[in-house]
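Both complexes below contain chain A, partnered by chain B and then by chain C.
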Partner chain A sequence: MERTAVRRRLTWQAGTVTEIREETATARTIVLDLPDWPGHLAGQHLDVRLTAPDGYRASRSYSIASAWTGTTVELTVEQVPDGEVSSYLVGVLGVGDQLEVRGPVGGWFVWRPESTGPIQLIGGGSGVVPLMAMLRQHAHASSTAPARLLYSVRRATSVIYREDLKTLAASDDVDLTFVYTREAPPGEPRVGRIDAELLAAKAFAPSDELTTYVCGPTPFVETVADLLVAAGHDPARVRTERFGPTGGPR
Partner chain B sequence: MTADVPTHLDGNAAAGALSEVFAVDLTAATGRCNGCGHTGVFAEARLYADAPGLVARCPGCEDVLLRVVTTPTDTYVDLRGLTYLRVPNA
Partner chain C sequence: MGIVSPGFTGRRSGSDLPPGQYLTRDFPVLSAGPTPRILPEHWEFSITTETGEVHKWDWQAFLQLPSEEITRDIHCVTRWSKLQSEWKGVSLDTLFADVETGADFVMAHSYGGYTTNLPLEDLLDGQAWIAYEFEGEPLGAEHGGPARLLVPHLYFWKSAKWVRGLALSDSDDLGFWESAGYHEYGDPWKEQRYAGD
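The block that comes next holds the complex of A and B.
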């Protein structure tokens, strides 16, 4: 078909919201039906563009939360204080509404199911979103690559995808560790950020086969990446994605 | 905002804007800084998205690598800070 033979400039397309799931008090998953979506790799993101009645436009990049299975695309959006786009996506957007998106984009912070080496995923807050797409892709492809997720959250109620994570962690190939930074649930004695000791105990040791993916707010990513390199990980095998208050994936 | 809270993102966040102009994904490309010679994946560059447009800076010397500014009619891409971009052949 000509449409696929000629590489088109990536441009904006409209999707329809088919479902919304509240994940936490401040984060929700938006399920989009996108008739022209070409599929995506786990870890890729898309840009969302909002246009005000006066023509003012604002766009933000969001990680895709779902593995591509040929149907819908899921985003998980965390409300950021005064976020002009996230406030609309979390507070106003409803099922049946249209949303303008561009994507998929990004080819670095991705995991391909044909890779067999172990994967270490380390997420802070809503930085778990692209890592969740990787775990979902891992399950969808029945990958036997050993996978570990270290998920840093403030408290138990901040956990996104609680039930799905529990299901995924039932696999022999997937290991899940929560790190509570403010308040731990009963039975979890440790409260504090990820440090060298925790990485040594819970993360894969450095190896030539291992790929590590770190996603979260910029200070989180810089700290964890520095700890990994100090622990002997090859910086070239540590892939990072940062998000923040404006413009970035989240 | 205080000085010790970093405001930058990274090159991953420029993927959408760059895809408007380039046919291949540049975030996975390797770039060489024209200022200090640092060579690395563009995704690891520091990206400042709170400027008008996007500004990518070298993680080694903070020199500007690339700027992308989108106006209602056109997109400007300034690549002067990059000696080269290396993209794997498909």
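The block that comes next holds the complex of A and C.
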């Protein structure tokens, strides 16, 4: 029997909510103090488990929004319509409450600070969350790997991490482009989805060193990943994370 | 550990789902990279034994094999379950009919480079198919078309999309997600999501 990876069992652990930041009308960041957290890579996620007073339990996976700096773990949760767990996390959970989590999970959609090649991050909506962890890790490690974020949002009020992104984009190594799909703020003439022309103008050109990370709703990721492959990017260098249904008729 | 969230009521599905799963009527997608677009005329499927013997089918030969209508519940490790999903495909019993092997393990290989490992006994005796239709339509590329492995009794990452071959082996090596922290077997009823579960 060959085993190619360290196989460590993930156990549930308790965390305490130390801070909550409202990011948009439907998304909030939850800061958890997790004394037993083993650390994580940017891009990984964790499972949150809720237990109702009658013992009923529900769990969901959430991308980690923060870089591991040895203290806390931050989640950004977008309220899903009728979401069983997200409705509680966004609407009910308060500072001082406890949550059970386990993780970190995922060894593919990750960025390691020792890697030096350029990184292209492309996020749609709350798909920006694991990409934000990568940018924060990039800053924390003082990485000089060139990084670009293309962030597709409906309108200016949909932007998560507005102030943090501005701060991060002040670095010479980080470039930030917002894409507004419904309504652009004054001074931003372009309204529309990411297309081939925009990728050619704003994203890194294909190269052997580049790694591209795409995260968002399934139709967004399908479209962007197809555009990247059509533009000559090696599919093996495009890492994706999708959420939600394929769209179209149900 | 018993942390209770007083304001959490939850939503019981009322269905007999594996632990930790919720019901969806959508068909979500989990893939690690861009969707490979494989034309049926370029598609090939092979079974390679531990001695290197290769059994190969192209699309035409594959479609001439007897097919089955399959209705099964499917369970994704990301926690959605879809009940009574309808597929059409070729049973692996049919594809293995002329394959001589003493191997216990299989690595499924996909176009695009994806891999997943399974015990051979989980693929035989009416438990697994190479599926090419979903709910009466040709299987879409985002769901693994033109053809995918279908092993509904295991978490759905075992049902490799864009499958192009099965390689038999005496050793139980780890596939793509299994190497990235997921369980080597993935039984949803035992909630084997991650390594060590």
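Convention: the second predicted complex is superposed on the first by the 236 of 250 C-alpha atoms of A that agree within 3 Å, B and C clash if a C-alpha of one lies under 4 Å from a C-alpha of the other, contacts with A are read in each partner's own complex, and residues count from 1 in each chain.
FYI, contacts are C-beta pairs under 8 Å (C-beta built on N, C-alpha and C of every residue); 3 or more make two chains touch, one makes a residue touch a chain.
Bear in mind the structure is a predicted one, so any value in this text is a computation, not a measurement.
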Clash or fit: what happens to chain B and chain C when chain A is overlaid?
-> clash
Examine A:Y56 and indicate which partner it touches, taking first as chain B and second as chain C; both and neither are also allowed.
-> second
Can A:L149 be said to touch chain B (first), chain C (second), both, or neither?
-> neither
Check whether chain B or chain C contacts more residues of chain A in the superposed model.
-> C
Where does A:M132 make contact in the superposed view: on chain B (first), on chain C (second), on both, or on neither?
-> neither
Which of chain B and chain C A:R242 touches, first, second, both or neither | both
Of the two partner chains, chain B (first) and chain C (second), which one does A:L46 touch, if any: first, second, both, or neither?
-> first
Scan A:G106 for contacts with chain B and chain C and give back first, second, both or neither.
-> both
In the superposed arrangement, does A:T218 touch chain B (first), chain C (second), both or neither?
-> both
Residue overlap on chain A between the chain B interface and the chain C interface 7, 9-10, 59, 61, 105-109, 218, 222, 239-240, 242-244, 246
Where on chain B is chain A touching in the complex?
-> 5-13, 15-16, 18-20, 23, 25, 27-28, 41-44, 47, 49-50, 54
Show which residues of chain A lie in contact with chain C when the two form their complex.
-> 1-5, 7-10, 12-14, 50-53, 56-61, 84, 88, 92-93, 97-100, 105-109, 218, 222, 225-226, 228-229, 235-236, 238-240, 242-246, 250
In the complex, chain C residues that touch chain A = 1-12, 20, 22, 24-36, 78-79, 112-113, 140, 142-143, 171-174, 176-177, 179-181, 194-197
Which residues of chain A touch chain B in the complex?
-> 7, 9-11, 45-47, 59, 61, 102-103, 105-109, 218-219, 221-222, 239-244, 246-249
